[in-house]
């Protein structure tokens, strides 16, 4: 049985092709503007990784904001459900998932059976997302990875008061003008995004037991992970490849739908 | 005026004020520990004389919010409420109050928290949101809440009906308090409280009027914190002395030609609740631009000038009814215009508070109104009561500099002087 | 059936030009009433046509010059319409000052615009008997103001007649609303809110007969309801909820069987008692409406046994009584009373174990795509 999950995000598209019970490959491309083309390309690429072609895939489930632009998918499913299915597969004791992607972030609460019982997504703007860090890093003239490294060196974390990405940019410029050390600004920026995300996590009533899993591209940023762990006063698990968890979940959904037919 | 003027030192009254405030909170903490009096949290213009007459320890979360703002602690309290699902754009006095309460209950180290209440009293004459704020306090502290529902003073509504309705509710309040405390209400004590209040109110108003003098003996920001005694302590006889001594000090300044800062050039009106976290920044900026803030309608909120020991209950109800924020827009616009005339003001700074709708919604209109009537310059700045996430120093600085340049050229351009 | 619904929707979308047409045809006068709770029956009894003022959902350009941008969409939208001259045909405007925003912005209206009739009314925020005497005075004041404006006496007979007419409207609206409980999916939620709103902007006499015909036609429909998750949609206190959101919810596979909208249950759930003095009866009516986030229910807060939210109790009970699976909360940006109550409402729903999701709506809401993801995720959660 060969199935695939494809997750068309705002910045990157991910696919997981799953063969049998535990053979899988993933692929990842920048989304760009042609959603159909990228969806096809990313699935094909993953399939090739295990020596198959696109046509060998028996069922595909699409998720992510571009999910409706994937005509070859048998079903679409929200990234909330897919993310939950994926995370629960890797960690059956996961009860809270925090996913921070390029343009949105979400918090999901699971019950013992891995069912979603509550979730929340950031609204209005990019303040609690990867985009916020990108814009900030650009303004400081460093990469996102350098930004994280800088923040760990800070001895005096300053507070970024603007909650809007655009305004924060102005604030950074004026901080630079006042010769605030880069590492302190970086630390403040990380603090700012974490405080947004922490509010989001709280809004779902995260409880205080069970594993907390963090997924999405920003989960690779260990400065963010450790700040959030501090705020939540809980350990946070980051999967080996946090960006493909949602696509993996979609592939699992495809497998179970195929099996039940 | 000008560079030859003598520059005043800090008013001695500022030190006395600091002590009055510190003593008040010290006493409240001591009362909480000993349990000798019940504690009630109330709002600015609720019929608080009733509480003082019943010998409650009366605390004001709104005043506490201002303190937290000035001490840069409000941000943290506000953040706590956001983590609990309260929206960022909700009144930051409210969020500060709920945040410190939640922090207190959950052991999260709030900034100098108010001792926990045994009872809550709220009047909606400042805004309708405040009732909801108090409902949440009532929920978190699990104590009873009494709401004095204040009809607005609007054209067509007979004012005697408004006062009658409030008086009726005060009657219910007294009956509730008698049951709550097991004590009989003492009308003689009420008369005494109202008498102290009327003297304090008179002292406050007289003191504020000293700035009519040109040059002003004080900046408005120096006078503004002195609303605290008339708000929180006016039941005490010594509060009138505070204002008497303060007036004396200002008189001395006038006699000796002392001004609050160098190079004072413009007499300017301030509209709105101060941005408590930015007082130092604003003071420095305004002084550097030669702008002397002289007065504000904001001070009228703390006047309580209806207090009359001959008619204790009625005058308490009138203070509640005629609270400045319970008035309609036309009244506020005309009142503001009159302040410009009485204080000989040449321009105005209108301070939007992004989370305070009653103050801000009509601000543009009032600025337009005085501009049309008097041909004065106005500028609107943006910020907030106690949460600095709504405030941008750079932007505000530029706006004030532009404003000062416009004052300098002294030619209000026709038609559009609000910018 | 769809023909009538489309007719009513068209009527709603042309509401401002329809006023001009009605005036030309009848020579009558029109009073615009701001949402919510304005005693339209009094306006009707004085021989005037009361119409509810709904702002447009379009961009706000002129109002921003006068109002801060963190006022709610309903307030800014209506103000924009006023400044654009869309209300020029009105002979007067009136409002119950339901919140700080409505209160202050409505007062601003009177400063720059001349209205033949301008009336501000105070509905007590304490919803209990102690407020009744003052409320009664407010109703009498409204009555005299209308009598003075029109020269027509509002006799008890006339007022009772108007009340009966409006009660009939409400009962027809309830009958229409009941159809979505008994035959979920037959009526689209976005059609229903507009059909209800149409009744708030046109003469009730004409509207009632249209509604009767509509209800008859629904009986003839052979529509079969499928098995879809039933949801209640709450919030969006006094404006018109976005059609797109309601459609999205139903397109994604749920069926909306209940709401608490101003253009819904909030408007028609309760009737004015028809016995005794009609002004007194109206005061009782205003103290007996379904719970609202803007108001205070003193009896809940004085004793020890308090509920988190009287409004939340109402919602939770409605959900349980009508076999509803979940609640979708529409949150209008910058509605302070709702935003505060919202915190308690959410806890109440959690306490009662009712699945819910929040969607922000209004002028600054997120894109429809994000809403789609949320709704889909929520419905997947309900069906698991």
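Read from first to last, the chains carry the letters A, B and C; within each, the first residue is number 1.
Here, a contact is a pair of C-beta atoms (placed from the backbone, for glycine too) under 8 Å apart; a residue touches a chain by one contact, two chains touch by 3 or more.
Just so it is clear, the structure is predicted and the values come from calculations on it, not from any experiment.
Set side by side, the interfaces B-C and A-C show unequal numbers of C-beta pairs in contact, with more at B-C. Chain centres were defined as the mean of their Cα atoms; on that basis the chain farthest from chain B turns out to be A. Rounded to whole angstrom, the centroid-to-centroid distance between chain A and chain B, based on C-alpha atoms, equals 47 Å. Note on chain placement: the centre of chain B and the centre of chain C lie 36 Å apart, centres being C-alpha means. Between chain A and chain C, the centres computed from C-alpha atoms are 40 Å apart. Counting partner chains per residue, chain B has residues 84-85 touching two or more of them.
Remark: chain B residues 84-87, 89-91, 94, 124, 127-129, 131-133, 135-136, 138-139, 142, 144-147, 149, 151-152, 154-158, 161, 165, 168-169, 172, 176, 328-330, 333, 352, 354-355, 357-358, 360-365, 369 touch chain C in the complex.
Interface residues of chain A facing chain C in the complex, by the touch rule stated above, are 65, 76-81, 104, 115-121, 123-124, 205. Of all residues in chain C, those touching chain B in their complex are 65-68, 70-71, 97, 99-101, 103-105, 107-108, 110-111, 119-120, 122, 124-126, 130-131, 133-134, 137-138, 141, 145, 294, 296, 298, 301-304, 306, 308, 333-334, 336-337, 339-344, 346. Considering their complex, residues 350, 355, 357-358, 360, 364-366, 369-370, 373-374, 376-378, 380-381, 384 of chain C touch chain A.
Interface residues of chain B facing chain A in the complex, by the touch rule stated above, are 75, 79, 82-85, 88, 388-389, 391-394.
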